[in-house]
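Next come two complexes built around chain A: one with chain B, the other with chain C.
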Partner chain A sequence: MGALLRRLGVYILAAWVALTVSFLLPRVVPGNPVAGAVARASQSGNCNAGCIKAIEEQLGFDVHKSLWDQYVQYLGNLAHGDLGHSWSENAPVGSLILSYLPWTLVLLGIATTVSFLGGSVVGTLIAWRRGTWADWLIPFATFFQALPYFFLGIVLVLVFGQTGTMLKWFQSLFGYDIYATTPGFTVSYVESVFGHAILPATTVILASMAGFILSIRNQVITTMDEDFVLVAQAKGLPTRTVIWYAARNALLPVVANFTIAISLIVGGQILVEIVFNYPGIGFHLYDALSKLDYTLVQGIFVVITLVVLAANLLADVVYVMLDPRARQAA
Partner chain B sequence: MLGLAGESGSGKTTLALAAMRLLRAPALITSGEVLFHSRPIGGDGPKGTVDLLAAGLDDLREVRWSEIAVVLQSALNSLNPVTTIGAQFDDLLRVHRPGMPGSERWSRAGELLDMVGMNADRLRSYPHELSGGMRQRAMIAMALALEPQIMILDEPTTALDVVTQREILEELMGLRDRLGFAALFITHDLSLLVELADEIAVMYAGRLMERAPAASLFHAPRLPYTHGLLNCFPPMHGKRARMEGIPGSPPDLRDLPSGCAFHPRCPWALEKCKQAIPRLEPISGSGREVACWLHHDDAKVPAELAKADPRTEPRQRVPTLIQVSKK
Partner chain C sequence: MTIDTTTLSQTPATGPTPEPIFQRTAILRLPRSPKVIAGLVILAVFGVVAIIGRWIAPYSPNATDTQNWVQRVLVPGTGEGTPFPANYYPLPLPPSAAHWLGTSVFAQDVFSQLLASTQATLFVGLLAASIATVLSVVIGVSAGYFGGGTDEGLSLLSNVFLAIPALPLLIVLADYVPRAGSSILLVAAIIAVTTWAYTSRTLRAQTLSLRNRDFVEAARVSGEGRLRIILVEVLPNLIPIVAASFLFTTLTAMYAYVAIAFLGLAGAPTGSPAGLWNYPAFAWPSSAPAWRCSTSASTSSSIPGFERRGFRAVRPSRRASRRGRHWASRRSWAIDQRTRHLEWAPNRMWCSRSTDSASTTAMATMRSTRSSTVT
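What follows is the complex of A and B.
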């Protein structure tokens, strides 16, 4: 338990650092958010002192307060789940993010699970069959691993997407058909959501699975040289049990490296959402940035950080469950 | 018990693994046969002779562990680190004793641990929770689980400290007397073999070079290499003497010397040794075999290699259970 608690402490520290950075960032970048908002307000009439004061309060940029007081206020608001008010959507940032988050989490969750499990199975099999035709998969995996997510996304849209120019097999714009269906628990809506998820999910899976395939393959090959795999063979155990012995142990370092993988996947997913205009958190981050909606950007940044940290914590817990040696230290 | 001795890299482990067809790529068995003459201890199991190299995978799996078990040098690496000792017994018994119910498998595993002097509670332990000696005991218990006819012991005690080494060896000898398995004991420690083995075979550069009853080999070696090996052990008593050792170093296996691989280091090398590889052949009038031109034709045998066989009590010759030959 001790080790897990220590890890938890590290994550809390990391979360605090991330929150602080996201507080400081809009305050140090050139282009004061308040000035921007005042300029926008001025377009529809003169913005007097009261108007400026109102904008400052709305943005949490009370220039008459010290930075420290602003910081304390920011943390206090966060603790209450208050992430501020988005002017571009004219809604509380918290509820906006809650409406974006399911799109991202479901897509990300399914894509990562499929790519991790699929990658493990494929990686193990090509490791077991090394020196045969299976090795032909490796250059392809290396190729896909090197492809940037957004590029793969664009290619898939062009080739398979309905907004593309060639096959037009799959939906490639938005999270559902916004003209023909309305959100709700109707068959047509759910169908539409699935249809629209195919291409973005494929993009994330293709781009991330290659990394898992390669790392699992390498780990399994190293593990297969271990004596206990030899002994498992000498014991006359069936081949699948022997493979399981190797794979189960090869999985450990891969799970340990999952923390790095998940950050890459989340980063890639943001770009994929932009390519597909998918209504998740990444697309809205891009949207908010282009509108200079600082509160929304800040809120999304905080939430992404927390999601990544939570995924890392999960990977740590899984690792402790998988490895009895880590359990002993825990 | 047959002892197999030789320097590191002389091919002892390779030979043992090849006999069970466990060599890994890029290793390849090009020819030859490994004959397993099955004489089931309990009366059940396969009878007759099986060529392990020609056997199908399913037949091979039958023989592996249930008739021939292996104990490797490092038990730490031989046990799967992520499952309990009990689970590893269970995997084994479930495959080879399909009819055995779970509770019986568990109690059988407990008995086996008990047999090697471990508490049955240890079934719940993970390998990393056991000491090196305990792990090796657990491994030996596992090797005995199916009452094999042959145990291949590949330096089973090398990784342990001498006290534990002694304990485990005594345990092993006791078990062998009780259960009656034959053993192939691989080690570089010739003096250990003299104590344990009935017969000793010596390997050099991937070839079997001499094979003789333990006492004969120890007191009256016929092979220059064996003679050199024996001279490497300092006597515990008596006057101090300069150690001879064997001049030179083991040959590069990718680039073996022509003829007998030992000739560049052999003090008595003949012209013939540089040209032709000697075959392992019986020396007339004794139960021993040697691969050396000095014992051929009318070559003059040096006095060091011509000592008289010690008169040992006619020990019962061990039946040959496994026979490796190269075609």
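What follows is the complex of A and C.
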């Protein structure tokens, strides 16, 4: 349990750092959001002292309080799930993010699972069949690993997307067909959601699977030199069992390094969502940035960080469950 | 018994002449592996482009080709006969003899932009990697060598930075820090802050294993100072790791730079057309497929972990175009969610074309309109 608690401590600290960064940035860098908001408000009419105060309160800035008091208030608000008020959407940031989050989480969950499992299988097979035709897959994996997510997304839209110019196989705009369907548990809506998720998910899977393939292949090759694999072969176990032995042990370091992978995938998915106008959290981050809606930007940053930390914690728990040594230490 | 003195006196010593010791080190041995040579050639090409790109560019990267300026095209679903006010967007030019890779929607030459912006991409990548490497060496080696509380604290620091997702942090930092859009030094520094942690962890682990080796022990026993041990005994043994991770950090930094440039947060190294709308040149699928090919070629040319990409400039800085976006965002604010994309369609993303069949035919019409406008 000790090791897990330690990791938990790291994540709590990371969450705190992220919260503090998002609290401090707008307050320490010159040109604060209140000035911007006041300028915007003044454009559409006079903004008197009361108006300025209203804006300050809306943005959660109370210039008459000390920074520390503001900080305490900020953390207190967060503890109540209050992330502030978005001026561009005119709604609480918390509820906005809650409406964006399912899109991102479903896409992220599916893409990560498929690319991890698929990457494990393909990586293991490539490693096992080293020196045969399977080696031809490696350059492809390297190629896809080298492509930035959003670029791959653009190419996929161009070739397969209905908004592209070539094959027009899949929907490539928005999270569902906003003309033909309305959100709800209807067949057409669910169908539409699935259809629209294919290309974004494929992009994330293709781009992230390559990394998993390469790292798992390398690990399996290292593991195959271990004595226990030799023993298993010498015992005359069927090849499938031997592969399973090697793969299971090779997966451990990959799971242990999941932190970096998940961070990359989340970062990539933000860009993919922007490419596809997919209504998840990444797309709205971009949207909020372009509207200078700092409250929303901060809120999204905090939530993305928390999601990533939760995913990391999950990976750690899985790791402890998988590895008896870690279980003993934990 | 006669001694054949002639042979002794005349025959020079046989066998291979001992090679001068310094020859191997004095002359840099050229790499033999075809992979390394290919990589170095690609690197050299990009290096040359980075240095002279600005001067060999056929056009000024931001100059608008007014002669071929394409008229604005009506966004499907707006204008007469619809409940929405007419909304227009311009179309970029396809590749031609005059514009090898086509143009951006501002009718700027993409090839020139590619040439001119390679420098900034390369520079940011290398600079960010240098800063990140210095950070990770300082933190990683001190954590590994000193151990104890120092190690705990510094490891915690790098683990925290590792756990926070880099890109969102990067976006928030780049968005808030003033002038980040115009100063590539700041962009590089911000990228460095978000990328040093992984290398630091690797270096710490390696230092930990070096610390107790015999030669370090010997140095310690002979009374060498801590700093000297670290600099003279430990660091040289870390150089392979440092070099490898420098290359990978450069790669990551370039990814990060391209990503925040894609978001319009990094500013355009060539300056940007202020006040114009934020149209990415790669926007329209009908534009410049050749440009895409060239980009993917340069993107996938990964040599020892190195990549260069030069399509930075194509997207004008968001900051520069904020004035243009301002009113757009205020207007769109009022329009409801279902129809808002019509308002946003032209200036948000290239894929913002409506998906229904009516607009597909509209697109076909537009394309023919465009070709007739050009000719």
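Methods note: the second predicted complex is superposed on the first by the 328 of 330 C-alpha atoms of A that agree within 3 Å, B and C clash if a C-alpha of one lies under 4 Å from a C-alpha of the other, contacts with A are read in each partner's own complex, and residues count from 1 in each chain.
Here is the rule we use: contacts are C-beta pairs under 8 Å (C-beta built on N, C-alpha and C of every residue); 3 or more make two chains touch, one makes a residue touch a chain.
As the structure is a prediction and not an experimental result, all values here were calculated from the model.
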Quick check on the superposition: with chain A as the shared anchor, is it clash or fit for chain B versus chain C?
fit
Have a look at where A:Q162 lands relative to chain B and chain C in the superposition and call it first, second, both or neither.
second
Considering only the touch criterion stated at the top, classify A:P238 as touching first (chain B), second (chain C), both, or neither.
first
Does the superposition put A:P92 against chain B (first), chain C (second), both, or neither?
neither
At the CA centre of chain A, how far apart in angle are the CA centres of chain B and chain C, to the nearest 10 degrees?
90
Return first, second, both or neither, reflecting whether A:P148 touches chain B, chain C, both chains, or no partner chain.
second
Chain B versus chain C as contact partner of A:F228, first or second or both or neither:
first
Taking the superposition on A as described, I'd like to know which of chain B and chain C A:R325 touches: first, second, both or neither.
first
Of chain B and chain C, the chain that contacts the larger number of chain A residues
C
Quick check on the superposed pair: does A:L292 touch chain B, chain C, both, or neither? Answer first, second, both or neither.
second
Which of chain B and chain C A:I260 touches, first, second, both or neither
second
Least Cα gap, in Å, left between chain B and chain C after the two complexes are fitted on chain A
20
Please name which positions on chain A make contact with chain B in the complex.
130-131, 224-228, 230-238, 241, 245, 248-249, 252, 322-325, 328
Quick check: in the complex, which residue numbers of chain A touch chain C?
10-11, 13-14, 17-18, 21-22, 25-26, 29-31, 40, 88, 90, 142-143, 146-148, 150-151, 154-155, 157-158, 161-165, 171-174, 177-180, 259-260, 262-263, 266-268, 270-271, 274-277, 285-286, 289-292, 294, 297-298, 300-301, 304-305, 308-309, 312
Per the touch rule, the chain C residues reaching chain A in their complex are 156, 159-169, 171-173, 175-178, 198, 255, 258-259, 262-265, 278, 282, 285-286, 289, 292, 295-296, 299-300, 302, 307, 309, 318, 322, 325-326, 329-330, 333, 338, 341, 348-356, 360
Listed in rising order, chain B residues that touch chain A in their complex are 17, 20, 22, 24-25, 60-66, 69-70, 72, 74, 77-83, 91-92, 95-96, 126, 128-129, 139, 142
